[in-house]
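Alright, structures below, take your time with them.
Shared between the two complexes below is subunit A, which pairs with subunit B and subunit C, respectively.
Take a look at the complex of A and B:
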């Protein structure tokens, strides 16, 4: 912090932050303005300032274009289902890599990290073959399965566990706590910021995912929001009805935006203490 | 457990009743149809309606429509599903992917199914417009059934034409007139353009298609129709076409610089931000139902001759679809491409109906009489030729589309761009060429 103070004046830094925030806000403001625009296409659509009588017609059209309640449910099952399993796997794997000594631990850990280098697209076909072999083709579980283990999450939890003083665990050990109790009562509460940070990254990533669910899912009833949204926003030969697209996008992203707004303080704190930005 | 005679008899009776019961004989064959949505969302719903009607009229088959993204994503998904051992019974594929799918052994010949219906391949294909054969029949075998097809058209805003002193009844026919009109139609306020003379989509898929249309109109061939390993990107006819497009941006300053997406071009046309556009017939219904001004459509203007590529999609059956599902898929395919449905889908989308007999039906006749613009698309078919298709069509197509986008953004000269595109395309096709045209006797 002192470095920042010395090198640029705090006021300048503050101004830059505001400018970046404003820049970041532009697409969101446009989406809001466009979603209520009765015109839906045309020159007026490029405006960031509403110059019209707001209408809900775009929302009505977007809503009727796809089965949104069902798609929302599917997306929630996928995102939170993945997260629930991941929280267990990354905690246990992180603990093992942080605290348990065994031969080849470092090698094992680096092999695990290598996974981060692979572009997900490369894994698509092998994953799909595996999912089909397991009988999970065209099921929500099939969409979730490849993400049950997370290299990123494991890395994050290992780092978080490593900085927790070993003495705390030793003390619990002396009191007769078994390994589950030590993880549950010592490690997890202290690593909460990292857990929350990881949860946000994970849920956002899977909420927004398009190509993988498109590969696995055939049944219209099992489509997630992204695929449902694409059915009416990605037509190449119609025109882009911006108002409807904006309304649909707003509906799809609203749950996450609202959740973030509600828990903003907790989220930001967790990012700050986990060191992710 | 002892086996009594009675239990054996009961078992046999049970088995017999099972085999003979009508419920068992009619257990519906489940098939799925992969379909992309190249048009607006309404059509995804129209597709669902159509399949529902099929299921109601064919109780022995249960078809599920599966939305699979864009044409390119449909290809990725179909290939991935096949590798996973779950090929869809049928898929709507971009018409120019069929050759590549056939080379890779990923789609089935449909000859035996045509034969089982008591037709020869020529009789079967004879129901479709001849311009469509090239992308559906490969080595004399039928590999795809045309479902919805398009050609590029010139769309003009008649009001803007009158205002600029041009005659909307005589849209530009030559590149000379086209460039002249585009220039006159462009409106400026100081340095700022308030209305463009013309816009043409240059996004992936459409960009390459329109450049092929301009090359065709310039006397070019674009690709070797008979051999999957050759494209003519670095050729005078292509250079003329690309330079013409680039000149509209830099010389006439009547076309916006940079990449234009297909949907955005239609939106600009509808909102009067551009007076003309080159766009697919697939957009016709959308334009018709949303334009608040009189518009006209015309052939793509020519430099040397009138000629355009077809576009659109065909129905295919992937390799590995077993007999019962294959037969069911064929029933669905022939039902969807018969005159009645072909005409209905054409009216809903703007694509022309590939089945010529569709135009003899009363519904279609009434529609064509009311909408002469749809007739222009059909008339242009007399000048239509196959769409570009090679070994690895998508990367070969992207090779030139990346360069087209670089030219329109002012980053490269047309000649430089075409040399680079040719080089990339040749590299992509090399494995095929080495296995075919350059595979020579070694002794």
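Take a look at the complex of A and C:
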């Protein structure tokens, strides 16, 4: 190993990584510095060093010029509503693919796989027609509905269920447990890591989604955070109110960043398993 | 009794042979039905609808849908804006996926060893992945602002001057690519970090004993072991290129003069701004074909990891 330790290229690589890491942080540092700046516009806004007494004025301004509490509520309803339904659909379908042999199984497998290959956002134009036909245009349910079935979640749960020893289910069966009891008391508790991984990926994806809710939602009251932020940014951009934009952006991004800070390992593991979305 | 049929092996005596196929099949489809219902509504039907719509159009606004053959496709490919979006998307794909992959691999190799500092650095690179793309775009709006913006302000301090980052048609697409690389490299890094763990340490030790330098080890050990990871990240990267255009909406709306228009944003414009359902449908079909082409290459992997063909 001593030879490798004296090599120059890996050290240069590490040095370059450090330099790029500093560069990577610049947008975040600017967002923080600008958000707490008592001024909101002018030439000094580009500073990356806070030379001021921090205030919350920009947050107050952002808070009052757009209905962020309502946007946050809408985003939470969308993200957790989707997740709640998905947890039911992917558990049931995951159990079927893990444990039940039946005619048509391979066909069903490929029908699910198709969703994995065709990203829902690309189907947004025909999906909008469908949402309108179902009377869900301009409703939060319309934003959520296309995501209620998840091939990714189904396959993730299938993998988790498959490694659970059949003997456990057999034992429960002898005790007279029906299929729902076996799923609820054996499969789900043992698949908890996969459930958490799927939940994190799903909530993150829908918390951050923009184009689809932009198409479905028309009423300002029903906007999620991302759509609200884009509209708000356009208004504040016209006024050159960069500090207010930074504050608004920080408010929208903060929930997931805080969750990541608290549960870093869980986030990283779930994103690794999310590779195939 | 219906439940007993699922059991194999030791519980064989519980089986009620005659009922087995019907009941398990019914149970299976009952449990799949919620998923299949939503897949039918929001995946299968939309594909059929978009295929039908691509062959039809209204002769006048509010009029009936008339079969027009390949007219929508001819108009689509005849539209300079669409051809521009297609060309942009190719440049954008190459110019974001390749640098992101190289950076992600570099980050992963530099930070592979787990210690406090490296864990922190990995988290730093991962932060952009977590914020909404529109939020990233809001920050970069100021970054790219002419004269007083973050880039120009600091370039001026070095007595340099930058181009009009989002206003110059020759530069804007590259500015947007910079944002995309910043946003995604940390995500791809995670897969390389996971992939690097699968490279056996003694392979490196043996190579070092044989006198292999760092570049030779990269070329003959790391890259061959990471081949599946690279292929996999490539697919995810290409999918992102087709499906993520939120930042275009916030930063440039496809302009100036369509220089930053991408396929999905073009389709969005056709549907929402021009109300041209036929052309939007034709554009959607082109994108679906692209998605299938991209994912078909990873189909074998998907089948292996999720399907019946266990490795």
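Everything below uses one rule, namely that the second predicted complex is superposed on the first by the 206 of 277 C-alpha atoms of A that agree within 3 Å, B and C clash if a C-alpha of one lies under 4 Å from a C-alpha of the other, contacts with A are read in each partner's own complex, and residues count from 1 in each chain.
FYI, a residue touches a chain if its C-beta (ideal position, glycine included) is under 8 Å from a C-beta of that chain, and two chains touch if they have at least 3 such contacts.
Not measured: the values here are computed from a predicted model.
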Report summary line: The chain contacting more residues of subunit A, comparing subunit B with subunit C, is C
Report task. Please indicate which partner A:219 is in contact with in the superposed arrangement: first for subunit B, second for subunit C, both, or neither. Result -> first
Query - Which superposed partner A:188 touches (first subunit B, second subunit C, both, neither) - result: neither
Requested in this report: Check the residue A:211 against both partner chains and state whether it touches subunit B (first), subunit C (second), both, or neither.
Outcome: both
**Report entry** First, second, both or neither for A:203, with subunit B first and subunit C second
**Finding:** neither
Report task. Tell me which partner A:128 touches in the superposition: subunit B (first), subunit C (second), both or neither. Result -> both
Requested in this report: Using the touch definition from the top, say if A:35 reaches subunit B (first), subunit C (second), both or neither.
Outcome: neither
Query raised in the report: For A:159, is the partner it touches subunit B (first), subunit C (second), both, or none of the two (neither)?
Result: second
Query raised in the report: Is A:242 contacted by the first partner subunit B, the second partner subunit C, both or neither?
Result: both
Query raised in the report: Should A:120 be classified as contacting the first partner (subunit B), the second (subunit C), both, or neither?
Result: second
**Report entry** Common interface residues of subunit A - those touching subunit B in one complex and subunit C in the other
**Finding:** 42-43, 45, 124-125, 128-129, 210-211, 214-215, 230, 233-234, 237, 242
Query - Touching residues on subunit A, where the partner in the complex is subunit B - result: 41-43, 45, 65-66, 124-125, 128-129, 131-133, 137-138, 210-211, 214-215, 218-220, 223, 227, 230-242
Report summary line: Per the touch rule above, subunit C residues touching subunit A in the complex are 2-4, 6-11, 14, 21, 24-25, 27-29, 31-32, 34-39, 41-47, 49-50, 53, 103, 106-107, 109-111, 121-136, 138-143, 145, 148-150, 152-154, 182, 186-187, 190-191, 194, 204-205, 208, 213-215, 232, 236, 239, 242-243, 245-246, 249-250, 264, 267-268, 271-272, 277, 280-281, 284, 287-288, 291-292, 295-296, 298-299, 302-303, 305-308
Query raised in the report: Touching subunit A in the complex: which residues of subunit B?
Result: 32, 37-45, 48, 64-70, 73, 76-77, 79-81, 83-86, 88, 150, 203, 205-206, 261-264, 266-267, 269-273, 279-280, 282-283, 286-287, 290, 350
Query - Sites on subunit A touched by subunit C in the complex - result: 1, 3-4, 7, 9-10, 13-14, 16-18, 20-21, 24-28, 30-31, 34, 42-43, 45-46, 48, 88-90, 92-93, 95-96, 99-106, 108-109, 111-130, 134, 145-146, 148-151, 154-155, 158-159, 166-167, 169-170, 173-174, 177-179, 182, 204, 207-211, 214-215, 225-226, 229-230, 233-234, 237, 242, 245-246, 248-249, 252-253, 256-257, 260, 264, 267-268, 271-272, 275-277
